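In what follows, chain A forms one complex with chain B and a second complex with chain C.
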Partner chain A sequence: MKNIAVIFGGKSAEHDVSIITAHTPIISSLLATGQYEVWPIYITKDGAWYCDQFMNDLEYFKKDDWHNQLTKLKTIHLSFDNGLTVIWPGLLSKQIKIDLVFPSMHGTFGEDGSLMGLLRMANVPFIGCDLFASAVAMDKVLTKQVLASEGLPVVPYVWFTKHDWELNKSTLSEKISHLKYPLFIKPVHLGSSIGITKVKNNSELENALEVAFHYDDKVLIEEGIENLIEVTLPIMGNETLQCAAIERPLNNTEFFDFNDKYLSGGTKGNGVNRQYSELPAQINDTLTNQILDLGQKTYRILGCSGIARIDFLIDDQTKNVYVNEVNTLPGSLYQHNWKTIGISNVELVTRLINLAQERFDSQKTTTYTFSSDILKQSGGKKI
Partner chain B sequence: MKIIVQNLATEYQDEGSGPVLLFLHGWKDTLHSFDTLTPLLSRTHRIIRLDLPGFGNTEITQQPWTLDNYIQFVVDFITKLNLNVDVLVGHSFGGRIAIKGLAEHTLQAKKCILIAAAGIAKKQTLRNSLLRLIAKLGKAIIAIPPLNIWQQPLRKKLYQSIGSDYFGAGSLKETFLHIVREDVTAQAQQLSLPTLMIWGTDDTQTPLSDGKRLSDMIRGSELHVLDHAGHFVHREKPQEVAQIIQKFL
Partner chain C sequence: MIKDWISRYGLKFPRSLIYMLQSSEYNIGEYLSWMRRTKNFSHVEKRKTLVKNPKSLLLLAITWLLLIAVYSTALFVIWHGYSIRRLYVFFFLLWAAPYIASYGIIIPLLIIKYIIQRPIEYFIVKKARTTLAAHKGIKIAIAGSFGKTSMREILKTVLSEGKRVAAPPHSYNTPLGISKFIKTLKGDEEVLIFELGEYYPGDVRKLCKLIQPDMGVITGINQAHLQKFKTLKKTTDTIFELSDWLGDKPLYVNGENILAKDHASSHHILYSREGTKQWMVTNPTTGLSGTSFTLTNEDKQITIQSKLLGLHQIGPLVAAIDIASYLGLSEEQIARGTNNTKPFDHRLEPKQDGSGVITLDDSYNGNPDGVTAVINFLASLHGHRRWYVTPGLVEMGVQTESIHKEIGRQLATANIEKVVLIKNSVTTDIEQGLKESQFSGEIMWFEDALAAFAALPHLTLPGDVVLLQNDWPDQYN
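So, the complex of A and B:
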């Protein structure tokens, strides 16, 4: 049986969402296959790593005193010698060689490419997007810059850092004044709509920026679209892509916030809430084709692999479509959406594992080193 | 929506227009406590409610807080939003904040509404003294091995049976102790602004007797008692509570 590690939690504002995604559907589906020994690796908000198989049960994380129980465990060590090994230190030391990793970390220090970098160094295959796509997609500004340079449509925006704002407030305010209200103020590196504020006029701007800077050092200010229809498209694959259904989040609030996404399902909610979505989105064929095309182009331009979800904004009157954001680890893998096109949770995780192995094997054929005698010559008369 | 107050991301809602009513929720509660009441009042008033630190979607403080810390937080929230509060409304723990803040003039409002407010110390009844004695004896006995392995579960059961939030306070345990140990009786006696009090007959957390005592302390206050309603009277009978509030305003 192969050992698969599911890594979740971490130093991120989306820490708790990550725990949900890890369990529903990832761990539950991996266990259902009966083909894997599943090792849940939980990273605390302080960065401590723990692994124990009783964490395969989501109920563990719902107990009142689970934080206290956790501190009674020993933190694990990782070894990168010839692959990835998890080590439980102590007198009764134990170690497990990991064959495959399923990253389930949303946001910073995980989905942003940090974890992928670690796994590349460990030379272990892992599921989902690689370092480069993850890092670019995590930065909403970089994503827009890359997509716009390839001719894909994005809404008008302004971006700056906290330092820029403190030094050049008047210049940046002038730039902002060219955007049409309402505006959305967003921390650049956070997902799940955390720290996003919709502002209707200039007087609301300062407080909204303070909120965004509370979470991030870099902010994005973008024009809101009138007559807005938001849709999202999950895509799976490496070279050959498969699109899930185009989905339209239906929300009563001003934008689809964290609670809409993860909590509004109440006791039945398991990650993304179906009740708040129109699935498939009721949009015409022209728009559908445009979104499928733009979605796949975006996926390829950013170099995504495994799975990603592309968000779009549509102006219902002009029918203009804009690529908005790319999410390289969709909450709960958007399992509900894949189910509507006939892909079960087990099939979803199995296919993602195959895609990870395929990418890993293909990377083996790439030559990363180069033989030279530069060291011997260094320090000599001429190089 | 969010705002930063004392470097804490603070969730709040701002609905309606007109004179400003600021709502403060109870312990282990959130701004959503007033979900049913808000639309009944927002046609004629601007209703502002927030999640206090450690509750709902407002960040938790690193250090344990006292009642004064919460009062200062509400003051800073009001300043940040540039509000002129006409009426301060506090439920339970929110009432405790309102009583002390208004009495010491740290908070300002023209009127005050207390819904099942907490904050006045229990009377030293024979029952209370007896319970305290039993608790002290019990604590000493269950500290002896091997009985001490049941110490935590037994304490949990005891606190649950007397309706205390201590065990459910999680990382706010220290804060909880600071809050419940502070008696605001003296401050209640200093309140001089028009005060409406709303209580349910079946309230077990802040019993009606507390409401009556508070009513006697606050000069010119009016106490409205709703039958067959408990500690969350504003959720159980929002129509009646809204009518009483409208009349008072």
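So, the complex of A and C:
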């Protein structure tokens, strides 16, 4: 049986969402295959790493005193010697060689490419987007800049850091004044709609920026679309891509925030947005084809692999479509969407594992080193 | 192996023993045979857990006392002088303690059974018999290897439209269970319906003596409890003890069941999906929303739309309709009552979750006829991916292998897409049957039912139909 590590938690505002994604569907589906020994690796908000198979059960994280129970465990060590090895230190020391890693971390220190960098160093195959796509997609501004430079449509925006704002408030306010209200103020590196505020006029701006800067030191201000239709498209693949169904989140509130996504979502939810989404989205064929085309282009331009979800904004009146964001680890892998096109959770994780292995094998053929005499010549007049 | 042996010395061991006794309904033979089969006593409570009641707690206390007594004796032996002989005795007692407790518990159990329980039960049943003899309601008794609870519920639902009807809840079908129910009667009931449980020859006669039925239904005879009866002849004779008791009084016999039909007399009323002598069934249809058919006799026509699933439900519905007609219910009352019938708990009970998967819970159906009926129903469903999940059937005695191979053959013929088998001694026979019939679907294996239930939501898609067939109680592990 192959050892597969699912890494979740971490120093991120989306810490708890990450625990849910790790368990539903990742761990439960991996266990359902009966083909893998699943090792759950949980990273606390403080950055401590723990691993014990009882954490394969989501119920553990629902207990009142699970934090206390956790501290009784020993933190694990990792070895990168010829692959990734998890080590439980102590008198009865144990170690497990990991064959494959399934990252399940949303947001900072995980989805942003940090974890992928670590796994690349460990030379272990891992599921989902690689370091570069993850890092770019995590930065909403960088994503827009890359996509715009390739001619893909994005909504007008302004960005700046906390430091810029403190120094050049008037210049930046002038820039903002060229945008059409309502505006969306977003922390650049956060997902799950955390810290996002919709502002309708200039007087609300200051407060919204304060909220965004609470979570990030770089913010994005973008124009809101009149007659907005939001849609999202999950995509899977490395070279050959498969699109899931185009989905339209349904929301009765100002915009689709964290609570709507994770707490009141689904048809069983009791929140304001009782019905989570329209699946497939009821949009015409022209828009559908446009979104499928833009989605795949975005996926390729950013160098995504494994799985990602592309969000779009549609102006219902002009029928203009804009690429909004790219999410390299869709919450719960958007399992509900894949199911509607006939891909069960088990099939989803199995395909993602195959894609990870495929990418890892193909990277093996790339030469990363180069022999030279540079060291011998160092110290000379000119290298 | 060492872990298995050590499990006898764990703290859980006494509780495991009492759980085994309780699950075997304190049948010593079953308890001993389960104990002989069990290798590891740490994980005996899998499907259920020990129900704490005065009897189980008393036996648990006695088991602990036995263990403490043996260990104390061992310590006493070594404490009062050292010798090689004493050392041997000490180690022997340590080794033997769990075995002494396992078998020793049988003695207090027998004492409780024969000195306390039996006399109490005798008086309870005697009192119940007197109460029932004075009760003016019509008593209907239902006997058979399978389908008794479904027949009881159908009858109760249909007759309730025109009569005050009472029937024991759950599976109260033993003298003590029925006596408990009799205590709850108000006295003004017009119809009483009883299931007669049969495990050994004479059981049905004993229950008839208690109930004194005015009419009866024999739902069918098959290999259920064959392990206890040994032969189908004994099963048939036991179930037809109801016929012997009733004499010329009305007895309905399932005409679709060959053993019952062959054993029926000319004055018995045969019922089937075709109807009865009086009623004829036409236009039968079934699906996930229910079953419908038209019933006609010389001058009447009734259209029935039941929520029960499967054409095999038509026979029992027709029998209930005929009994209702015999008891004087009007056509409207009969139609209304029959249309009110719906699946009962864990008997082909459809459930749809938020993910759009339709689960048919048939976990209380564990007999070959019931299995055939359900596979036929699944075969009739189109446009759905069908999953059949089973641990197999228990107590099939010498016919275990042939029955399970036949289930495999039926599943292959029905072109079921996915068969999920729970690992045990009988499911390999289902696999064999599937392979012999060139099954084209997928077979999946799981260590236990809980693992399968946990995995299914991740394997299924919206629109899939998942049938959960039978349960595998711990005592058969």
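Note that the second predicted complex is superposed on the first by the 370 of 383 C-alpha atoms of A that agree within 3 Å, B and C clash if a C-alpha of one lies under 4 Å from a C-alpha of the other, contacts with A are read in each partner's own complex, and residues count from 1 in each chain.
The criterion applied here is as follows: a residue touches a chain if its C-beta (ideal position, glycine included) is under 8 Å from a C-beta of that chain, and two chains touch if they have at least 3 such contacts.
Values in this document were obtained by computation on a predicted structure and should not be read as measured data.
Asker: Is A:G34 touching the first partner chain B, the second partner chain C, both, or neither of them?
Answerer: second
Asker: Now for A:S332: first (chain B), second (chain C), both, or neither, which partner does it touch?
Answerer: neither
Asker: Quick check for you: in the superposed arrangement, does A:N345 touch first (chain B), second (chain C), both or neither?
Answerer: second
Asker: State whether A:N207 touches chain B only (first), chain C only (second), both chains, or neither.
Answerer: The answer is first: A:N207 touches chain B but not chain C.
Asker: If you stack the two complexes on chain A, which partner ends up touching A:P25: first (chain B), second (chain C), both, or neither?
Answerer: second
Asker: According to the stated criteria, A:D64 is in contact with first (chain B), second (chain C), both, or neither; which is it?
Answerer: first
Asker: Of chain B and chain C, which one touches more residues of chain A?
Answerer: Of the two chains, more chain A residues are contacted by C.
Asker: Please work out whether A:T197 is in contact with chain B alone, chain C alone, both, or neither, and reply first, second, both or neither.
Answerer: first
Asker: Across the two complexes, what residues of chain A are contacted by chain B and by chain C?
Answerer: In the superposed arrangement, which is not itself an observed complex, chain A uses no residue for both chain B and chain C.
Asker: Mind listing the chain A positions that touch chain B in their complex?
Answerer: 64, 195, 197, 207, 210-211, 214-215, 259
Asker: Quick one: in the complex, what on chain B touches chain A?
Answerer: Residue positions touching the partner: 1-4, 7, 9, 57, 80, 168, 170.
Asker: State the interface residues of chain A toward chain C in the complex, per the touch definition above.
Answerer: 25, 28-29, 31-32, 34, 266-268, 336, 339-340, 342-346
Asker: Contact residues on chain C for chain A in the complex?
Answerer: That would be residues 354-355, 445-446, 454-462 of chain C.
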